[in-house]
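To keep things simple, chains are lettered A, B, C, D, E and F as they appear, and every chain counts its residues starting from 1.
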Amino acid sequence: MSQQIPDALKNLSWELPRNFLGLEGDDASWEKAGVVILPIPYESTVSYQGGTKMGPDAIIQASRFIELYDQELDGEPGVEIGVCTLPSLHLTSAGPEHAIRELREAMDTVLEAAGDRLVIGLGGEHSITSAPVLAHAARLGEGRRLTILQFDAHGDLRPEYEGSRWSHAAVIAQCIDQADVVQVGIRAITADERALIRSRPGNITTIFAEEMWADDAWVDRAFDALGDDVFITFDVDYFDPSLMPATGTPEPGGPAWYPTLKLLRRVFTEKNVVGADVVELAPMGGNAAPDFVVAKLVYKMIGYHAGGRRGG
Amino acid sequence: MSQQIPDALKNLSWELPRNFLGLEGDDASWEKAGVVILPIPYESTVSYQGGTKMGPDAIIQASRFIELYDQELDGEPGVEIGVCTLPSLHLTSAGPEHAIRELREAMDTVLEAAGDRLVIGLGGEHSITSAPVLAHAARLGEGRRLTILQFDAHGDLRPEYEGSRWSHAAVIAQCIDQADVVQVGIRAITADERALIRSRPGNITTIFAEEMWADDAWVDRAFDALGDDVFITFDVDYFDPSLMPATGTPEPGGPAWYPTLKLLRRVFTEKNVVGADVVELAPMGGNAAPDFVVAKLVYKMIGYHAGGRRGG
Amino acid sequence: MSQQIPDALKNLSWELPRNFLGLEGDDASWEKAGVVILPIPYESTVSYQGGTKMGPDAIIQASRFIELYDQELDGEPGVEIGVCTLPSLHLTSAGPEHAIRELREAMDTVLEAAGDRLVIGLGGEHSITSAPVLAHAARLGEGRRLTILQFDAHGDLRPEYEGSRWSHAAVIAQCIDQADVVQVGIRAITADERALIRSRPGNITTIFAEEMWADDAWVDRAFDALGDDVFITFDVDYFDPSLMPATGTPEPGGPAWYPTLKLLRRVFTEKNVVGADVVELAPMGGNAAPDFVVAKLVYKMIGYHAGGRRGG
Amino acid sequence: MSQQIPDALKNLSWELPRNFLGLEGDDASWEKAGVVILPIPYESTVSYQGGTKMGPDAIIQASRFIELYDQELDGEPGVEIGVCTLPSLHLTSAGPEHAIRELREAMDTVLEAAGDRLVIGLGGEHSITSAPVLAHAARLGEGRRLTILQFDAHGDLRPEYEGSRWSHAAVIAQCIDQADVVQVGIRAITADERALIRSRPGNITTIFAEEMWADDAWVDRAFDALGDDVFITFDVDYFDPSLMPATGTPEPGGPAWYPTLKLLRRVFTEKNVVGADVVELAPMGGNAAPDFVVAKLVYKMIGYHAGGRRGG
Amino acid sequence: MSQQIPDALKNLSWELPRNFLGLEGDDASWEKAGVVILPIPYESTVSYQGGTKMGPDAIIQASRFIELYDQELDGEPGVEIGVCTLPSLHLTSAGPEHAIRELREAMDTVLEAAGDRLVIGLGGEHSITSAPVLAHAARLGEGRRLTILQFDAHGDLRPEYEGSRWSHAAVIAQCIDQADVVQVGIRAITADERALIRSRPGNITTIFAEEMWADDAWVDRAFDALGDDVFITFDVDYFDPSLMPATGTPEPGGPAWYPTLKLLRRVFTEKNVVGADVVELAPMGGNAAPDFVVAKLVYKMIGYHAGGRRGG
Amino acid sequence: MSQQIPDALKNLSWELPRNFLGLEGDDASWEKAGVVILPIPYESTVSYQGGTKMGPDAIIQASRFIELYDQELDGEPGVEIGVCTLPSLHLTSAGPEHAIRELREAMDTVLEAAGDRLVIGLGGEHSITSAPVLAHAARLGEGRRLTILQFDAHGDLRPEYEGSRWSHAAVIAQCIDQADVVQVGIRAITADERALIRSRPGNITTIFAEEMWADDAWVDRAFDALGDDVFITFDVDYFDPSLMPATGTPEPGGPAWYPTLKLLRRVFTEKNVVGADVVELAPMGGNAAPDFVVAKLVYKMIGYHAGGRRGG
């Protein structure tokens, strides 16, 4: 998706392209790509200070400073698999219901076009997740049921929030009839969400953050609750606020980096990950560290996916 | 609207109340008040970086450090007239159409209850303005037509914006059938807005910022275009960005402080100002100066209104 | 302590009240409350950059976005016990000695009025702590001796600092004749403070941060050093600066979230906690994560206290 | 220069392209363009806090929120003339001499390719200016001599600065043998620069800021000192720091917006402007107003140029 | 006051010294100096957000980037007259009364040692001003009466503020028995201050900001009200907040740069300026422009003083 | 290195000196000092946002608020050993090659003058490290080979970067012929760097961050790889971004505080540490916590060094 530069100027020394990882030429082309990055800077039903609209740009900007080589995987997965970054989707300002419907239609189009490519959405607020989840669930063959693997501090299981079913705080509730959900890192829910979780034990599996800090036993428990087909939604407030202050409602007591990677690697290697998104980064003026954390997280997903494809 | 403190603790030394001007006791009560401050921290159809949701709080917080005495008026208008600050209105997250309808209903209720009190709304984004304008227009008696006096850098005369008629960029267009508008400070419009202005000369009077910097002749021109009944909507991006950087789309070449006061004073003194709002302040972390500018602006309006009432 | 809204406007949709947790109606009333939040935004003898004066507001603002349900406790302790938020105490600018004396008198009044309610002070700088400690110590019956449980990076045991006994750096030294102190998280003291600690082994128990990172054995050691009646003073610089950068003199090597909760829960459950304060949050422009951490900390204290009362 | 989007996805609603003004399709193509925007985010010999490297991005980002319609010119000059935004030039880190030489070569290539198109460089630090100036001077026919019209607070006439002739503070001195210079807004020079100005009266014309605030007589004086062929270099610290705080060494007492436009319009209309650059914007976290000011300034230049071409 | 560098390292290339203007060697020595800069980073009775404690450092830091040459004066006044920067005075934290007494004693010592040197204090909050004013008043010979020339937005004429006579808001009131005061730029006073001004017409002369924006006639009026011996106290909130946002309680409608210089130049040239201070700069993270404005202001004072001494 | 204060003013209460730890009198003198702090605020070949130029000042400023007493060591090592802070070295702006050559010459001079004193450089960007490393390597006697102990997230083993061998990203590669290197915390390298590491097993020992989080076994492995003579270079991006967000390219998954100290203590106690530097702190506006972390880190090094000297 590189810019068109007149031939006479091709040989000048241009900056790295504005795409995820700053890939040049073919490595970033739609044709080659095994992964598609879809920025969805949608922000409407914000809590508190907002800013998730600036998330995709910040992630892409930081990603251009990430090393392509991944020493855990001993390779350059971004180059090997190819990563095509689409422009940002622009959703209507007519309200969340209209916007999410528009997004759902866009997701159908994108998934259809993408074929085998893994599409990773970059939010924006968490309310965007129902669109890809329901699009993927609808595309799964007869008899297959999607599991959402939700990394999050919050349950997002309310029936509605502030007058809208399309709120970030209700987004997973919109999906639990069409998919199961395994939530990890949860540490802020309502009493009603707690009751809902208890009432749907096969449908909703919740691993609370306070079960996760002593050791990594939770990784197996989370993995075991997944079905074969998994959509990963990663709300960055899952992480401890020390690592991830740049989000709307940070909650102390969140999980750390390496155990999270451990679960992600296993899921990408042993399950069929149909799609993913990373949401709720609200970049902070003057502190780019959270942007780097998220960019690296996305690249680890790409790496694990690339490894999974080649049998890694 | 002061907090209820147990009698046993009444005599402790408490901070100034959290209301406009930090007024104590009766001076801030609904009963005495000649002015009502209505915070409307609504933000949904944001351009660029957003943040107007934090505007009302910032204005009220800064207002608590403003001197009650106004040397231009040689009095303490806030105390004389009484200023009651309501809590913030909380509008639905279901989208701008729903939210503006909710606001319109709320405005009808507030205006009915307010009676002779001047209600000044604090935004929030400019899209909130159609609600009070249309509510006031509907309340004016037979044969009277409201004029909107719009301080703004932008025309806000689009038919719709980003899929919504309820956008800040379309808000005045929603009102021009029910009211006339006199716009001052304008320096960013579309070609279609320019054509609309030309096509409705009696209905829309636009004074461009570039006509305003040489001298103050524009003050008379603006005044002369007003009808008897005026609603003032003050988008803070009217001011030059040197004075008012804290707004979504600042435009260089804006007007200055004193000529603006000159027009405001004349309007409050010689016209019937039925209501007002001040919108689009997006407070900046670490720079409270714009908050002080807006708080003082609101207080000048209160002072001119109070003066007008007593024949000043 | 809700605002007084005219009856005609009661049914509009107002924002959550500006109190701790944003509680509505009776849940925030003095009458029902089992916990009283007392903001004390006092800042005078600041180290380095200051800003603790803005602490209470930031904590209360963040608390309004915290879920009332606490999954560790499986309940909504804030609603169950009731939390009344007082306005901010405003202390004289005539200097720390005058201000702390004023605060001491205010604390006597507040404690007398509060009766069984747990009063939690929100600072402001740490120098405010001697007032509630000495007030509580004086109120304990014959033969009972208060223990201060001090979470802190610093000893605060200097005889005076920068010409004042009333400095934050000397505040615990003002209390050790009337109370014992158990300090946890300490990692910055003077040689004189070290000597003082050594010279008063029964009176001052210090658990250094470097003893705390390997495992949680320190929790028992701290608990065992407490008497029956405990005042908790929590200087937020206790936490590691990764979690809590928003304080005047952050010190690396601080403790983490869960072990701290473990100690707090045990103390609230098995001891008589007479009062508490949380101090030295200096909110950072553009990073609200520390505010959320402190708000959650205060809510965990409330929850443990509520649980303790019902035998939890 | 729009991104290549797969045909199957062309009809989705994408954000405006990342180019100057956010132009779509043909309006931003090299073929149609009458103006070329060349970002040169070079920063090496920084004074004080730096940050000019982020300037071009900030200008382009802000430009996407500028109205295409210009009411002074009563048209949409960006669409009429076409504006093609190149990617950013990436210069070597081997030091200023190498980098400026590289830039000079790039400029020769760009100007050759550009033909009649007006190339506007976006800095970056001021040291980039010698490259286009000398490239243009070399391309002027026999007997024609370039005038640099320099908007600046500083003279930039030192022989070298901090060990380098290629410093921003020496950049104009590198050009005065090949071109004349008319400086406006100057208010910070060295004694040696003052002497140099006095010693080369035909070659260097300096209009000090303190001559400029009383009235606009300086506009004529500046204009009259220009030759027929003009390169405009606009260091944003020319403006008063109230309007333009976002630069390395702001100097109070700078000129204002409208008189500056007056000179620019006249120059574009009556002279042959061969090229231009706008440099030294150092974007500020959390204050985008300066970015908007510069974006609008660049657009006014484009508008005046477009008007000049059609005889405006 | 340069640092002592071992002889063996003298020839290395060191940064400019950390003094006002970054003067090297003799030019900054106490012996040569005609001007002494005395930083007084005192902050205690802060309004709102505070931060004036960081003011002197920011001014000195910015001053190191100011050109020594002043084109208005056609010379390098800092080098000609010599400017010695003392370390910062550290006042007790025991409260404002103790601190101001300490400062008064320090000022007596400094003035005694300084002899003919002009001492310019850098605040810190405005409460520091009574110390040098009263010290100078006491040092004037029999029959001479000091005039304070106060640049300020606020009157600072309260009898006390927040329980302290030593507050910034009361500082001029502490001086009006020993000195007369001419206030310029005033736009925020209390009714009591207004009455006090009216009751002491010879003693207090107040020129309100709203009288100052139309033309410069006020410069003569201010000058004519001065006695022969003048102490200049410059609260930076005098300036319009567009130029000077970095202060505790900014007030719109403030004066501009050049007229202010006009008055300062005349006073330094035609009166006996015995001392000066510049106070209330509260540096803003990420915006150094206000620091540069104040540093340049101080340098203009030095230049006018140096010019006055040589008959300029 | 204290400032020269006139005798008449010696007894006033001055702030702590502007040196590392704010040491007074003899404790900071060159003569007494066992440790020399050499600020090298060099920044030229910056990645991303830059700002390391402000690092040394921020470290020194924070160090003035650190307690001199170190409870781990039960002493005041700064006072015991003496710490002399030199002014900042000012390197040419003529490009990295010139600057690093200049620095190399300066290091030779400084080391010669320093004799037994431990010189700790404060960067600035990492490119400064080759100068002291090569200077130390050259000074080691026949048959002794220096080991660089590199704390870092990045390998810095590229042959060149962005056209310069003198880049921060190539700095260790410039040294591996003259010295061995033991790298800890590494988590971002290129494929070529990985190959280089594999090809030089005795010369380059790399301990990846992902081997370091489970337990502290890596401490022994790192220690065992060191030779007798060690230069420590500490790039602050070694730490996890939760603890150290203030650096150009933060990488998640970094090591924590205490294990790092464990290695440092052992090295200072059992090896001959010939010199050290701490680089790449890019201070963040409004968050001083990273500055404190680095200042404390430097002080721990000084303490371990002082302890090592006395046999601790």
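Note that in this section a contact is a pair of C-beta atoms (placed from the backbone, for glycine too) under 8 Å apart; a residue touches a chain by one contact, two chains touch by 3 or more.
Bear in mind the structure is a predicted one, so any value in this text is a computation, not a measurement.
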For subunit B and subunit F, chains touching each: A, C, D, E
Between subunit B and its twin subunit E, rotation from the CA superposition, multiple of 5 degrees: 120
Option reproducing the contacts of A-D, where over half of them reappear, out of E-F, D-F or B-E: E-F
Copies subunit E and subunit F touch via same or different residues, half shared test: same
Approximate Å spacing (C-alpha centroids) for the pair subunit A, subunit F: 38
Separation of mean Cα positions, subunit B and subunit A [Å, integer]: 41
Where subunit E touches two or more other chains at once, by residue number: 49, 90, 92, 240, 242-243, 285-287
In the complex, subunit B residues that touch subunit C: 1-6, 8-9, 11-18, 30, 41, 86-92, 102, 106, 109-110, 112-113, 285-286
Residues of subunit A defined as touching subunit C within the complex: 47-49, 154, 186-191, 193-194, 208, 210, 213, 240-243, 245, 249-253, 284-287
Residues of subunit C touching subunit E in the complex: 43-46, 49-51, 53-54, 90, 92-98, 161-164, 166-167, 285
Complex contacts: residues of subunit B adjacent to subunit E: 65-69, 71-72, 74-76, 240, 242-243, 257-258, 261, 286-290, 292-293, 296-297
